[in-house]
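Heads up, the thing below is written out as structure tokens.
Chain IDs A, B and C follow the sequence of writing; residue 1 opens each chain.
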Amino acid sequence: MSSDKGGGVTVSGLTVRHRRTLALDAVDLDFAPGVHGLLGPNGAGKTSLIRVLATVAAPTAGRVSLLGGDISNHRERTEARRRLGYLPQEFGYYPGFTVREFVAYVAWLKEMPAASVPGAVERVVERVGLADRIDAKVKSLSGGMIRRVGIAQALVNDPALLLLDEPTAGLDPEQRFEFRALLRDVGTASTVIVSTHLVEDVATACTEVTLLDAGRVAYRGTPGELSALGDERRPGQEADPLGDNPIERGYTTVLRSHRQLLPEARR
Amino acid sequence: MNGTGARTDAGPTSPVRLAPWFLYARSRCLPTTLAVLFATAALAAWSSARLEGLPEFDHRARVVVTFLAPLLAAAAVGTGLLTRSDTLDRTAVRPWWRRRLLHLALLTALAVALLGLAVPGHPEAFGAPAMMRNTLGTVGQAAAGAAVLGARLSWLPMTAYGSAAYLAAPRTPGGPAAVWAYLMQPGPQVAAWVTAGTVYVLGGGLYVWQGARTEA
Amino acid sequence: MTTTAPGRPALRALKAPLPDRHSPFRSEFLRGLAPWTGATVTAVLLAAMLSKSVQWQGSWGGTQSLLKSAAVLLGGPLAVAAGCWQGGRERRRGTVGLLATASRGRPAKTLVAVAPLTAWVLIGYLVALVVVLAATLPYAHRGRPLVSYAVTDLTFLVSITAVGFVAGRLVPWRLTAPLLAVCAYLGLGFPAYLGSDLRLLSPAEQVDTTYVPLWWQPLVMSAWTGGLAAAAFLVYAARRRAFAVLPLAMAVAAGTLIADLGPGMWRHVPTPGVRACGSGETGPTVCVDDPDRELLPAIRAALGGLHDRLQEMSTPPYTYVANNAELGPIDVRLPSLSRGWNVVRDEVVDPAAFARETAQMLPFFGRCSTEKLTPAEAERFSKLQQTVLAWLAPADTVLPGTPPHGSVRDTDLRAPLAAMAPAARASWLDRYVAAARSCDPKKMPKL
């Protein structure tokens, strides 16, 4: 099942404005199949980007091409949505539904063929490790399990584009480990974009890292390159403790240099 | 930030805006509740005056007003009991039941007074005493509803009961119907007052003791 | 990893006809607010009907019209509040983003949220309908239940649930649901206070139960309520909002038709004209319409005392006939039999009051105008009439609507007549009858 699902994501000149704040400022990005990490401080525009890619929010300006279709066209947008999986940061659910019913509901929302839904639901619930709770009501599950239900509903239609906003919040280390393995597995054939604050997610699971700051792209590269940046010694400067591990140090280094280059980006 | 002296009264750090009672009122959406109470009283006054003015009806036609207006007022009070930060509230130093008691008592007093003023005249037939008694009873039921079902649904049990009582109440006042259909009694029935008072004490007591149920 | 046990094909075949566990309609149908709403609608309607059971048991028209009032004035606010609550569900639960990313069109998503709730409301109404119809069946002897009432009620309930749903989706306020319920009650009940035909625009309004709706009345009413709701729904849910103009136009046309025609949408049901009579060696002869024949024994028993006392006089034995029959020379008109008032489930509620009302229709009462009499004579006339009435049909209960006779009770009124010997009383009464027939105060006997 490693056939390329085609398309990928291309974003050009994307601008998103929330009332008077500029969340994203003429961003140009493209995402090929693989696992992409999205890092950045709060308010940098990560969630806005994910929401635009999930077609939940409309861009103020710019062009977004998802899986070979331009999302400003209704038909192509609908086609892209069928092959899309999205886990919001604040995952809402219907408490009275069972896990099976909720995931099946989302499968119906994604217009999956009715015959394939039961099998897909059971497969994906087992994949996230909730097979023994499949007929339990969602309100009876703990926070981490609810987030896993969220991951399951994002995966139910075998998406070509998977968008995850803080997916590991509430998961214990063992579950996070399994989740990263899942990401790597999914990323072999699909485009996965993960927005997260946890750098070890980025370090181990992602093949590429994008750093956003104040609505602009501050850095693009592999996690290894980002770590290397953090370890460079700059002559004549105190070795500030920039972070506890290489990626954090790289992260802080990039942000500082980005903010020095573009002081008007600070708001 | 706080350079100008006298001008800070209107700013975000002014003593009024940060006063505990003001913040509490905003956290419970009190302005909206008060607005709804005033609007309900105004509407009740207007419609009862209008009903009395219609040719075939007299002051007894106000039964509809004395039935619906307290329901609406109690719904406003009940849904205003919603607290979004229930878990945080429970970590406060002083026990919350006193604040809840004060909140409920003040709102009840205001609602009773406002609605009572809305139907002047003919106190023996669906006038001010009936309106005030009904308001007392329905607020008690709404408070109990908030404790049992959560503030957002607190209006439900009293509406269901009220509709049933409205339909099934016999035409002649008094008798056993003064207890189970207390909302429909015209005024002087003591049993109805006792029922309304008991409902208020029990319902309000339940709310003050338990607080509004946290909604998932 | 399936959990069904292998080697049990028979059991699996049994499970096959059940609806697919993965269908969203099934999930929405079984979970959440919808089943509770259906149960509540049934409970409310049955409670309302039960509390007024004396008024409808025994009459199909009465049953259905009272159920219609209950369904519109009670079920309507309940349905609109439930719809509003369901509409706000996505906002309360935080699934708005998740739904926005779905490829299903908005009409489909909205329908799957509102249709199960509407289905339960309809089920609630139908259960109540079946129960009350079954309760009326043993006592109803004329007519039959009509589908038109059910059709209008069902379309109304669907419409108002949809309107509540749209309001709940659009307005993010906590008080919307109870406020809508109160507004629905006022809006549906208020037209009753209007005098003109505009009041028939409210589905709660109806005409007398002797009228039956024409075959197209439910269609017009459904077009009115359904058109408004469909317009609101399409404005919210459809991609091309202009489609909402069609149901709106239909609703406006239907509403104009209703306001124009008014009661013209019903037709009067003539009484069948067949009479059933009951008579015997003792007791009065009573004739009523054939469908009311079950009441004959009760009416004859109620009029027995009156008949016996009249037999003391030299008046001929009267025949008591139903309210709408033509009167012969010895016929006396019975009070109109209305269920829930003087007749309940084949029994007469208050036989004494019934006899009194019948006695007031005797040919020698109330025929004289008091214009040519002096006030003293008129007062004596009236007092004598009360006395004779009190003797013929004693009724110590005060009839509704009639003022009490000062503070004089019937036993005091009839005391002088009761104290007389039977022969003297008979001749006194005959003289009274002669005086009453000729309207001559000089012939009035003295007590």
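The working rule: a residue touches a chain if its C-beta (ideal position, glycine included) is under 8 Å from a C-beta of that chain, and two chains touch if they have at least 3 such contacts.
Keep in mind the model is a prediction, meaning the values are calculated, not measured.
Undergrad: Based on which chains are in contact, what kind of graph results: line, ring, star, complete or other?
TA: If you draw each chain as a dot and join those that touch, you get an open line.
Undergrad: Using the mean of all protein Cα atoms as the middle point, what chain has its own Cα mean nearest that point?
TA: So the chain nearest the centre of the shown protein is B.
Undergrad: Determine the centre-to-centre distance between subunit B and subunit C, using the mean Cα coordinates as centres, and give it in whole Å.
TA: 34
Undergrad: Quick one: subunit A and subunit C, Cα centre-to-centre, how many Å?
TA: 62
Undergrad: Express in whole angstrom the distance between the two chain centres, defined as the mean CA positions of subunit A and subunit B.
TA: Centre separation, subunit A to subunit B: 47 Å.
Undergrad: Could you check subunit C for residues that touch two or more other chains and list them?
TA: none
Undergrad: Going by the contact rule already set, what residues in subunit A reach two or more other chains?
TA: 95
Undergrad: Using the touch definition from the top, which residues of subunit B touch two or more other chains?
TA: none
Undergrad: Which of the residues in subunit B come into contact with subunit C in the complex?
TA: 36, 54, 57, 64, 68, 71-72, 75-76, 79, 82, 151-152, 155, 159-160, 163-164, 167-168
Undergrad: What does subunit A use to touch subunit C in their complex?
TA: Within the complex, subunit A touches subunit C at residues 51, 54-56, 78-79, 81-82, 84, 86, 88, 90-97, 100-102, 104-111, 114, 117-118, 121-122, 126, 131, 153.
Undergrad: For subunit C, which residues count as touching subunit B in their complex?
TA: 40, 44, 47-48, 50-52, 70, 74, 77-78, 81, 92, 174-175, 177-179, 181-182, 185-186, 189, 193
Undergrad: Enumerate the contact residues on subunit C facing subunit A in the complex.
TA: 1-2, 20-24, 26-27, 31-32, 89-90, 93-105, 109, 112
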